[in-house]
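Following are the structures in question.
Both complexes shown next keep subunit A, but they swap its partner, so subunit B is in the first and subunit C is in the second.
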Partner chain A sequence: MTIQFNDPDRPNSYIGKTVPRPNATKLVQGRGRYVDDIALPRMLHVAFARSPVAHAKIGEIDLDEAKAVKGVLRVFTGKDLAEVCTPWVAVLAHLKGLKSPPEHPLAVDRACWVGEPVVAVVATTRAAAEEAASLVMVDYEDLPAVTDTMTALDKDTPVIHPELGDNLAFRRLHEEGDVEGAMAQAHKVVSARFRTARHTGVTLEPRSILVDWNPAEGQMTAYHATQAPHMMQTVFAKHLDIPESRVRVICGDVGGSYGIKVHVYPDEVATAAIAKMMGRPIKFIADRLESYSTDIHARDHEIEAKIAVDKDGKILAIDVDDWTGIGPYSVYPRTSAIEGNQVVNLCGGPYDFANYRAQTTVVFQNKTPTCQYRAVGHPIAVAITEGLVDMAAAELGMDPVEIRRRNMYADDAYPVTSPAKMRFEGLSHHASMDKLIGMMDYDALRADQEDARKRGKYRGIGIASFIELTNPSPFMYGIGGARISAQDGCTVRMDPDGSVVALSGVTEQGQGTEAMLSQIVAEGVGVNPSQVRIVTGDTQVTPYGGGTWASRGAGIGGEAALQAARALRDSILEVAGAMLQADASTLDIRSGQVVDGDSGEERMPLEELGRIVYFRGDTLPKDLPRELVQTRHFITMEYPFAFTNGVQASYLEVDTDTGVVTLLNHWCVEDCGRVINPQLVDEQIRGGIVQGLGGALYEEIHYDAYGQLLNGSMADYLVPMAAEMPDMQIGHVETPTGESELGAKGAGEAGTAGAPAAVMNAINDALRPLGAQVTEMPFTPERILRALGKIED
Partner chain B sequence: MTEMFRDKVDVALTVNGEPVEARVPAGQHMIDFLRLDLGLTGAHASCEHGVCGACTIRVDGVSVRGCLMLAAQADGAEVWTVEGLTDTAAITDLQDAFVARNALQCGFCTPGMLVAAEELLSAGGTPSRAEIREHLSGNYCRCTGYEAIVDAVESVAKARAGKGDA
Partner chain C sequence: MKASAAGYARAENLRHAIEMLVASEGEGRVLAGGQSLVAAMNMRLSAGDLLVDISRLNELSGVSQEGDTVRIGALTRHAQVGADPIVRARVPLLAAAVAHIAHAAIRNRGTIGGALAHADPAAEFPACALALGAEIHVEGPEGDRSIPAEDFFEDVFTTALEEDEILTALSVPAAETGEVQLIEEVARRSGDYALAGLCLVRRAKGHRVALFSVGPKPILATGAMTALDAGDVDGAVAALTSEIDPPSDTQASAAYRRHLAGVLLRRAVARLEGDRT
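Coming up: the complex of A and B.
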């Protein structure tokens, strides 16, 4: 029996409805349990002495003063930990040519970025550990720092890792069609230079881990704020020489992740290594300076790009030369080549064109390592593409909506393969654009813009179409050799009282994973969501899975939950059929009752069935299966990724005297396939948009020429605050994927993918009458005033 | 240690309506005293220098950053945290509105956000959306984009004003 999703009046119709999150109430009461809320008997605290310089040989280390601090029990150097923890090398076989040196939990001979952990201090209190860490004396012998991306490969630039030969980590060139020929024959060729700033995630809960090694059991338990518990289980087991089965990773409440908490961090591995060496629970909670200097950074790209169009605005070719600096190491185990690779995969994404060339050049430098952060590569690719399309439209005197309509893949064109060789199963660019234009009342907005201009105000409208990569298959990491599961599983069981427990390999960091799972399981089995308990984030308990990243929770984890729930329903009905002497196919389960499928007449509550199965199994036929526990796994097979699409619009005003941008309104129409919980999807999109707006207007990590981090606090690295943010209008088009019964694709990154480009295009739309253009994010007042020629030096 | 420069300080205060006496390290922050010594883990330490608002608590009737106040300063103070405001049902309507509107995602900022919102609401009147946004500008939320929080606070302001009229 398949679920009739299009019938809102079907029984148990929880999929597609706004159902409250079961875990929200404890969080508003302050009853969440984040890692730092956990205290274990005999627990100790670790703090790290970190490199204050970007590149230096580590000379003599004097620990005397640190050891003298009251409460300090042990101090560890890189050499100490290297004896118990093997280093890692973050490369993937399918990213051909990617190279990176071995990385240790603490630097051994050399420090390569400001913030790299060098010495670990363990004490009875965090305050004592931090005080002692500040008293560690290390003789740093300065080495030349490489900080500029564009000159990292020059002959006279020092090579950071001489054994690797040069500072090139990875390069990929993709060519399709004849770009040179198309450019030569084009009506117009527009080129631009784009830049996206270094960002970081700024999770309000800093990175947190508490590791307990029990030598009597030979078992390690890590309470970890992570998105991928099973991946971390493998990492701890492999590098600390523990059988994988003897590592348990528990992930309770997590205070924000956005991709920051899906990577392997040296200080967290060091914490686990120290726990194993000391046989006591060790807690590490990053402070805010550590967050800025050691949480992964992202999006530090410089791009030269060109677009060629014919006189009707048809895109003939796109040419992209992308450069990014990733710090001194590729980050384990996902690698730091993925972001540049995504730029190559995603540029031009919404458009049907033939000639495409894109190259990404990924270089080493002496800054904090970069890696995957929410909407990996998307904000960059969308800014390049949509920036170029708007510039081409302006060159042609064409409306920006019109040029997009002339180039987007037709909604009935699918399946198609893009010039970047991405395969699209089914997208809705035109329907989404039509809906957006209606929602924003485009013509009225243009009239308002014109009216404002008469009053000396510079308002602009910016549009950004985009595609988003979700539901990744093993083509993302697994084929490269990483033990990162693309499959996910769910176990669903019915207990004697008729309630249902679901254990899932995907994880919750606030997205609403547990609500999504509860409503899918409720509908799949036929009970109320309040009758479903969800368990996530415990490698010893849940089915093996990848966790939550790349917008895979609903699409992959949700489908596994649906199939497990449907299997449990079938098992229950088989027992019910025997008990009621009815054909199981004539029965159904609704709101926790076994009912007659046709009439809906109640036949038996589930708790009665539970009573018989668990306590009076003797009354059932001897050969009757009565397995009220079912597990199913799901993996996508047909497409490497489930692409989604959407379009955003920004309306804003630029103060041409101060350079300040005021956001007036923001719209997003998004197609994530089947919407499971409309409220949660909308709030994912809103939150994602605001993260994108932060990148567009405020967020930028600054370094000086020596690789010194200049803004390592929340007062200096600006993120969006309530007063500056607009209200946002969200709409949906639903094109379910055929890969699953559920039909859900991801929704977590769409907002972040498109918002920066929409804002850039809106600012440039506002400034166009003044002959000014900005393409370097964030669009600070200074950059806008420079573009206007009001600051010159 | 001289009397002038003691490294431990005796304090007597009330926390969530209950008397507390303690000898605290002179350098201990209020947020650490609440979390580590009293087990009140509802308010969170995040930026640790007064910017993000995750540690916001109520001290003598006003919102205070738990990371900018020393425990030693709390002698004689009346302190309320999200736990006490929950137990006394002082902010039930606000909490219900946050859940109904999904005005929280990861929940790390939420206890501080609720204390800040309650401070605004308890001042009376029906604040505009812009006033709500301005008042909450000292409380960072990295998940929601703020709109749902503004919606929730606005709905409670209107509901309370409606009750006042009745």
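Coming up: the complex of A and C.
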């Protein structure tokens, strides 16, 4: 029996509705349990002495003063930890040529970025550990720092890792069709240089881990704020030489992740290694400065790009040359080449065109390592593509909506393969655009813009279509050899009173995973969501899974939950059939009652069935299966990724005297397939948009030429705040994926993917009458005034 | 990071506080609203201080008017300054400035005395004090003294306060009829320190212009004032941009700040003229 999703009156119709979040009460009452809330007996704290320089040979280390601090128990250097922890190398076989040197939990011979952990101090309090860490004396012999991306490969630039030969980590060129030929014959060719700034995720809860090693059991328990507990289990097991079955990673409440908490951090592995060496629980909670200098950074790209169009605005070719600097190491185990690779995969995404060339060049430098952060590569690819499309439209005197309509894949063109060789199962660019134009009342907005201009105000409208990669298969990491699971599992069981417990391999980071799972399980079994208890984030308890990343929780984890719930329903009905002497197929479960499928007449509460199965099983036929627990795993097979699509619009005003941008309104229509919980999806989109607006207007990590981090606090790394945020109106088109019964694709990153491009296009729309254009993010007041030629140096 | 203070004591009265400062031999540090000091301690930009907490000294809080002078106690919180009827009527500049300072939670704790003593070059109140021609009252082991705002601010985070002196109050001439007081600033986000800011006061005696976030301390733009007195706005903007030597940092370059100062002056003057009509 399949679920009639289109029938809102079907029984147990929780999928598609906004149901309360089961964990909201707990969090609002302050009863959540984050890693830092946990205190174990005999627990100690670790703090790290970190490199103050971007590149240096590590000479003498003098620990005497540090050891003398009251409360300090032990101090560890890189050499000490190297004895118990093997180094890692972050490469993937399918990213051909990607190279990276071995990385240790603490730097051994050389420090390669400001913030790299060098010495670990363990003490009875964090304050004592910090005090001692500040007294660690390391003789740093300065080495030249490589900080500029564009010159990293020049002959006279020093090579950071001489054993690797050069500073090139990875390069990929993709070519389709005849770009040169198309450019030569085009009606117009428009080129531009784009820049996206270095960002970081700024999670409210910093990175946190508490590791306990029980030598008597040979068991490690890590309480960890992570997106991927099973991946971390594998990492600890492998590098600390423990069987996976003896590593338990518990991930309780997490205060935001955005991709920051899906990577292997040297200080966290060091914490685990130290716990194992000392046989005591060790806690590490990053402070805000550590967050800025050691959480992964992202999006530091410089791009030259060109678009060729014919006189009707048809795109003939796109050519992209992308460069990014990733720090001194590729980050384990996902690697730091994925972002550049995504730029190559995603540019031109919404459009039906033939000739495409894109190259990404990924170089080493002496800055904090970069890796995957919410919407990996998308904001960059969308900015390039949508920036070029708008510039082409302006060049042709064509409306930006019109040029998109002329180039987007027709809604009935699917399945289709893009020039970047991405396979699209089913997208809805035109339907989404139509809906957006209606929601924003495009013509009225154009009239308002014109009216404002008469009053000397510069307002602009920016449109950005996009595609988003979700529900990844093993094509993303697994085929490259990484032990990162693309499948996910769920176990659903019925307890004697008829209530249901579901254990899932996907995790809750604050985004509402547990709400989504509870309503799927409720509908799948036939009980109220309040009767469902969701358990996530414990590798010893939940089925093996990949966790939360690449917008996979609902699409992959949700489908596993649905299948497990449906299987439990079938098991229950089989028992019920025997008890009621009815054919199981004539029965159904609704709101916790076994009912007659046709009439809806109540036949037996689940509570009664539970009582018989668990306490009076003697009364049931001997050979009757009675497993009121079912596990299902799900993996996508037909497409490497489930692409989603959408379109955003921004309306804003630029103050041409001060350069300040005021966001007036923002719209997004997106298609994530089946919407399981409208409110959660809308808030994911809004939260994502806000992160994208941060990239467009505020966020930028600054380094000086020597690799010193210049802004390591919330006072000078500006994140978007409520007062500056516009209203965000969200609409949906639903094109479910056929790979699953649920039909859900991901929605977590779409907002971030499209917002920066929408803002860039809106600013340039506002500035166009003044002949100015900006393409370097964030669009600070100063950059805007410089584009307007209003600042003399 | 964890803060490290060498000690903490709560003062029972002003004398007690001064005695503790004297006894600490230069290691003492006054704690008022804590909105700058505690942040600095938590980043270990300030460590090892002996904290002398004056926040409970009620005698240092509140607003009063004596004749043509409005006196504001050092411990008056930003939010109280903004809501006080005397301030709103007779020193509207200070009330208007409050809306630009930080966020509600910080305005509920931060004190005007703390803001003046801290002397952040990007802070609003020091520039307001300068534009208003305020007197700053301090008390030390030898008794009290008053320092004109023009002599009080010396450099980045540096004032004419001695180590064992406490800022007790600020007094400002109450606005005369027809006086106009305006503040203009541009910040990246609401509540952020300004990229540049400007206070403009027009009195019968003439204009006063003070700027913040354009140098190591708040600046009285005397050249611009003279030009404004002569009715020459372009001249005032030209004078202003040569009177300041703004810093460059990750938020904005000196050139941007200089440009902004001129824009702010023009905007303030436009508002003055709007007032006249």
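FYI, the second predicted complex is superposed on the first by the 793 of 793 C-alpha atoms of A that agree within 3 Å, B and C clash if a C-alpha of one lies under 4 Å from a C-alpha of the other, contacts with A are read in each partner's own complex, and residues count from 1 in each chain.
Assume a residue touches a chain if its C-beta (ideal position, glycine included) is under 8 Å from a C-beta of that chain, and two chains touch if they have at least 3 such contacts.
Since the structure is predicted, the reported quantities are computational estimates derived from the model, not experimental observations.
A.B. asks: Identify the partner contact of A:I791: answer first if only subunit B is touched, second if only subunit C is, both if each is, neither if none is.
C.D. replies: In the superposed model, A:I791 contacts subunit C only, not subunit B.
A.B. asks: In the overlaid three-chain picture, which partner chain does A:D657 touch, first (subunit B) or second (subunit C), both, or neither?
C.D. replies: second
A.B. asks: With the two complexes superposed on chain A, say which partner A:A723 touches: subunit B (first), subunit C (second), both, or neither.
C.D. replies: both
A.B. asks: Of the two partner chains, subunit B (first) and subunit C (second), which one does A:L153 touch, if any: first, second, both, or neither?
C.D. replies: It touches nothing on subunit B or subunit C.
A.B. asks: On the superposed three-chain arrangement, identify whether subunit B or subunit C touches more subunit A residues.
C.D. replies: The partner that reaches more residues of subunit A in the superposed model: B.
A.B. asks: Quick one: classify A:E683 as touching subunit B (first), subunit C (second), both or neither.
C.D. replies: Touch status of A:E683: first partner only.
A.B. asks: Quick check for you: in the superposed arrangement, does A:A237 touch first (subunit B), second (subunit C), both or neither?
C.D. replies: Neither partner.
A.B. asks: Which of the two partners, first being subunit B and second being subunit C, lies in contact with A:L27: first, second, both, or neither?
C.D. replies: first
A.B. asks: Which partner does A:G256 contact after superposing on A: first (subunit B), second (subunit C), both, neither?
C.D. replies: The first partner, subunit B, only.
A.B. asks: Could you tell me if A:L204 is touching subunit B, subunit C, both of them or neither one (first, second, both, neither)?
C.D. replies: first
A.B. asks: Which positions of subunit A sit in both the subunit B and the subunit C interface?
C.D. replies: In subunit A, positions 127, 287, 713, 720-721, 723 sit in both the subunit B and subunit C interfaces.
A.B. asks: Along subunit A, where are the residues that touch subunit C in the complex?
C.D. replies: 126-127, 130-131, 134, 287, 289, 657-660, 698, 700, 702, 710-711, 713, 716, 718, 720-721, 723-724, 780-782, 785, 790-793
A.B. asks: Would you mind writing out the residues of subunit A in touch with subunit B in their complex?
C.D. replies: 20-21, 24-25, 27-34, 36-37, 127, 201-206, 253-258, 287-288, 509-512, 679-680, 683, 686-691, 713-715, 719-723, 725, 727-728, 751
A.B. asks: Touching residues of subunit C toward subunit A in the complex: what are they?
C.D. replies: Listed in rising order, the residues are 1-2, 4, 43-44, 186, 188-192, 195, 249-253, 255-256, 259-260, 263, 267.
A.B. asks: Touching residues of subunit B toward subunit A in the complex: what are they?
C.D. replies: That would be residues 25, 27-28, 35, 40-49, 51-52, 54, 81-83, 86, 95, 98-100, 102, 104-111, 114, 129-130, 132-134, 136-137, 139-150 of subunit B.
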